[in-house]
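Each chain gets a letter, A, B, C and D, in the order it is written, and its residues are counted from 1.
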Amino acid sequence: MTAIPLSWWVSVATALFVIGLYATLTRKNAIAVLIGLELMLNSANINFVAFNRYTTPNQVGGQIFAVFVIAIAAAEAAVALAIIIATYRRSATVDVEDIDSMKF
Amino acid sequence: MEQLINWLANILENTSWWGLPADVSAAVIVWSVYGFILALVVAPMAMIVLTWLERKIIARIQDRIGPNRAGPFGLLQAVADAIKMLTKEDTTPAGADRVPFNIGPGLAAVAAILIYAVIPVAPGIVGTDLNIGIFYIVAVGSFGVLGILMAGWSSNNKYALLGAFRAVSQLVSYEIPMVLSLITIAVVAGSMSTVTIVDKQSWVNGGWYLIAMPVTFLLFFLSSVAEVGRSPFDLLEADSEIVAGFHVEYSGLKFGLFMIAEYVHALAVAALTATLFLGGWHGPFVTQLTASSPVAGAILGHIYFLLKVGVIVFILMWFRGTLPRFRIDQLLDFGWKFMTPVALLNLLVTAFVVKLFQPGVSTGMGYAISAGPLASFGGVGQTIALLIANLLVAFLVSLAVRAFARRSKAQALRAVAAVEN
Amino acid sequence: MAEQIVFFIFTILVLGGGIGIISTKNLYYSALFLSMTLSGMAGYFVLLNAGFLAAVQVVVYVGAIAILILFAIMLSRRMMTSSEPQTNRQTWLAAIVSPLLFIAILVLVLQVNWPVSSAAPTGDALILLGMSFLGSYVIPFEVISVLLLVALVGAIILARDTHTDTGREQ
Amino acid sequence: MQNPYIFVGILVLAALLLPVVGLGVAWFLRPHKPNPFKQSTYECGIEPIGDAWVQFKVSYYIYALVFVVFDVESVFLFPWAVAYNFLPLYALLEVIIFVAILFFALVYAWRKDALKWI
């Protein structure tokens, strides 16, 4: 499995992270922000699994972390989307800039 | 598969004039051929044969003759239908999201075909023996859900969207009992590989899982019927309620792709049930025959497997011919408030029984597992114990259901009395 | 060689989906692009000998999270019809900072000479996974179930229409 | 033995070929005569009123929510099931606790009428 160097995985993970970061920073829509967060979590997963595969191929620590990350991402998405739906119902917007009544 | 690969590999290796690069091995070529046949021949054939069979069987159930004009016994009727689908005009509703609208049916069909990759049809003949076999099936099913949601949302039609919402609610609700019953099987077989699961169902190892785990079988079978969306769980396309569900706006071959997806999926469920509970290709003389002549054993295995699949397919059609449709609230209640708790209970009870029959193993992790107290009874003993445990679960569940029914009946009576006063 | 080609195909899925997410205005398309990225990730995991994780990725992300996101988008549909730009004032800043961050991370990370082991994986990773979940990682394993319980309770409380309870629904 | 997932990849390609070839053939065979009436959405014969993308009720979302939680649970139970024979008895106990906590989640959703079709 040496056909693909480890640096490729790291590069792809970084690229995905930056894309997710960009989406999170620039989007107005709360759901789009959440999608950006999911991208960042996924880029972390690439690193977990790739380093597990390349540095300790006989153990599964990285894979276990990735499973936990996925599980936590699911819990996070469920709660975040519920918050978004509740906010939408209350103030008819999902624009993160308009949801500011707790700022003061 | 192994023998087949070796046999074909011998032929292929002598043909240097193929001019293929050296790292493309013969096995890959054989697999490719197998895969393409599976996707391009078996899938459309499944649709053509099954639609004909279904119309015939339902006609007989309803005391009719069914299609009988095109060809002998109306056999060509399904072919005629397929040609009609190919030549029908394909309309896209105005305001539809074109790209997802066109991807949706394809995704559903691909997802249904992918299930066949892990179904062993005869000794040694399987697409691929994944170690996550049954989990792979669950994963592939997810794409079908996505296809349905895409189709319903992109159609720009209220009925389609409503149908997609209903369909997805139903599919996700019944995925849970299905997954839990799959986990139960994995506990008993000690593996998720479909090949291993079939091997474990030989008579030496304790026989069919249908005998050992009838409750698990019912849970799995009913929830898979719901996953395919066939009667009595055919709310996804309840013609009389939401016109046709998520595929109202589809015409021509795109509609046909949804039909292919449905029938291919139905056949896959039948094949899966036969694999997981009816011992797959197991039957008299298969093992002996395979030892002497792999090809003959494979043919016999195919025959047994197809017979079992045929029985399940017939049961599916029998359901359709006789059972009325669920109401959506009943359907979801049945899934969440009955199937899921029963599946959880069944999983824990099965795990407990399996522990009693646990063989002693050394784990290589610094500790060894000693054999369970009943390990000496072997596979057959485990089957009997599992059967008893399953019947116990069924009995407990029936008690609970009866108590629940009595309580809700009393509640209803009290409500009526309150109104009358 | 073949592996590298497969890697590039999956990279097109993953990064193409990512670029689709940040370039489309339609939230529905973003969610579909997200599913594309997630499927590509499953392919990555297969390449990395983590077949189980690939299936987990598809089951949880494509089968559950993407569906949940699509449901949420459909439930809050009204704001998607607005023709306003979907990006906020930080866009230009982010457009400058993100590539810089990308280059900075890459320069940093690729300098390190990681101790790569060339050993081939032995044994069934699946059994190892199961043994680890109930061995060294048993506390996180139990905590996850509590986390899921809490998430469910919280999400139900938040998402439920409080108006329906009091019968004030029109 | 090669990577078993190669076959899955091949099957994906083959399965993709089915809709692509089918729709391609149908493209040449079928008539193309669109008109506004054909292209209007179906609404039992009457003129469609308004956009189809109307808002739907939240109970669909709640079913999906409960599903996500149980889906994630099943992900953790699969490796346990495979490794079951290699695990000591306490593993069964741990899983009983694990399942019991999630069963409590189901009971909670049930008692709060989140699983009730309104």
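In this text, contacts are C-beta pairs under 8 Å (C-beta built on N, C-alpha and C of every residue); 3 or more make two chains touch, one makes a residue touch a chain.
Quick caveat: nothing in here was measured; it's all calculated off a predicted structure.
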Spelling it out: a chain qualifies if it touches subunit C and also touches subunit D; which chains qualify? A, B
Pair exhibiting more inter-chain C-beta contacts, B-D or A-D: B-D
Chain whose Cα centroid lies nearest the overall Cα centroid: D
At what distance in angstrom does the C-alpha mean of subunit D lie from that of subunit B? 14
Between subunit A and subunit D, the Cα-mean centres are separated in Å by 21
Intercentroid distance (Cα basis), subunit C paired with subunit B, Å: 28
How far is the middle of subunit A from the middle of subunit C, if each middle is the mean of its Cα atoms, in Å? 5
What positions in subunit D touch 2 or more of the other chains? 4-5, 8, 53-54, 56, 58, 60-61, 64-69, 71-72, 74-76, 78, 81-82, 84, 86-87, 95, 102, 109
Note the residues in subunit C that touch 2 or more other chains, in rising order. 1-2, 51-52, 56, 59-60, 63-65, 67-68, 71-72, 74-76, 78, 124, 126, 128-129, 131, 133, 144, 148, 151-152, 155-156, 159, 161
Residues in subunit A with touches to at least two other chains are numbered 67, 70-71, 74-75, 77-78, 81-82, 85
If you go through all the chains, which pairs of them touch? A-C, A-D, B-C, B-D, C-D
Touching residues of subunit D toward subunit C in the complex: what are they? 3-5, 8-9, 53-58, 60-62, 64-69, 71-76, 78-84, 86-87, 91, 94-95, 97-98, 101-102, 104-105, 108-109, 112, 114, 118
Listed in rising order, subunit C residues that touch subunit B in their complex are 1-2, 28, 32, 35, 39, 42, 51-52, 54-55, 58-59, 62-64, 66-67, 70-71, 74, 124, 126, 131, 135
Touching residues (chain side subunit B, partner subunit D) in the complex: 25, 27-28, 31-32, 34-36, 38-40, 43-44, 85-95, 102, 105-106, 109-110, 113-114, 116-117, 127-132, 135-136, 138, 153, 155-162, 165, 168-169, 172-173, 175-176, 179-180, 183-184, 186-187, 190-192, 243, 248-249, 252-254, 256-257, 260, 328-329, 332-333, 336-337, 340-341, 344, 347-348, 351-352, 354-355, 358-359, 361, 363, 365, 367, 369
If you look only at subunit C, which of its residues touch subunit D in the complex? 6, 46, 51-52, 56, 59-60, 63-65, 67-68, 71-72, 74-78, 81, 124, 126-131, 133-134, 138, 141-142, 144-146, 148-149, 151-153, 155-156, 159-161, 164
In the complex, go through subunit A and note every residue touching subunit C. 1-4, 6-12, 14-23, 25-29, 31-32, 34-36, 38-39, 42, 45-46, 49-61, 63-64, 66-68, 70-79, 81-86, 88-89, 92-97
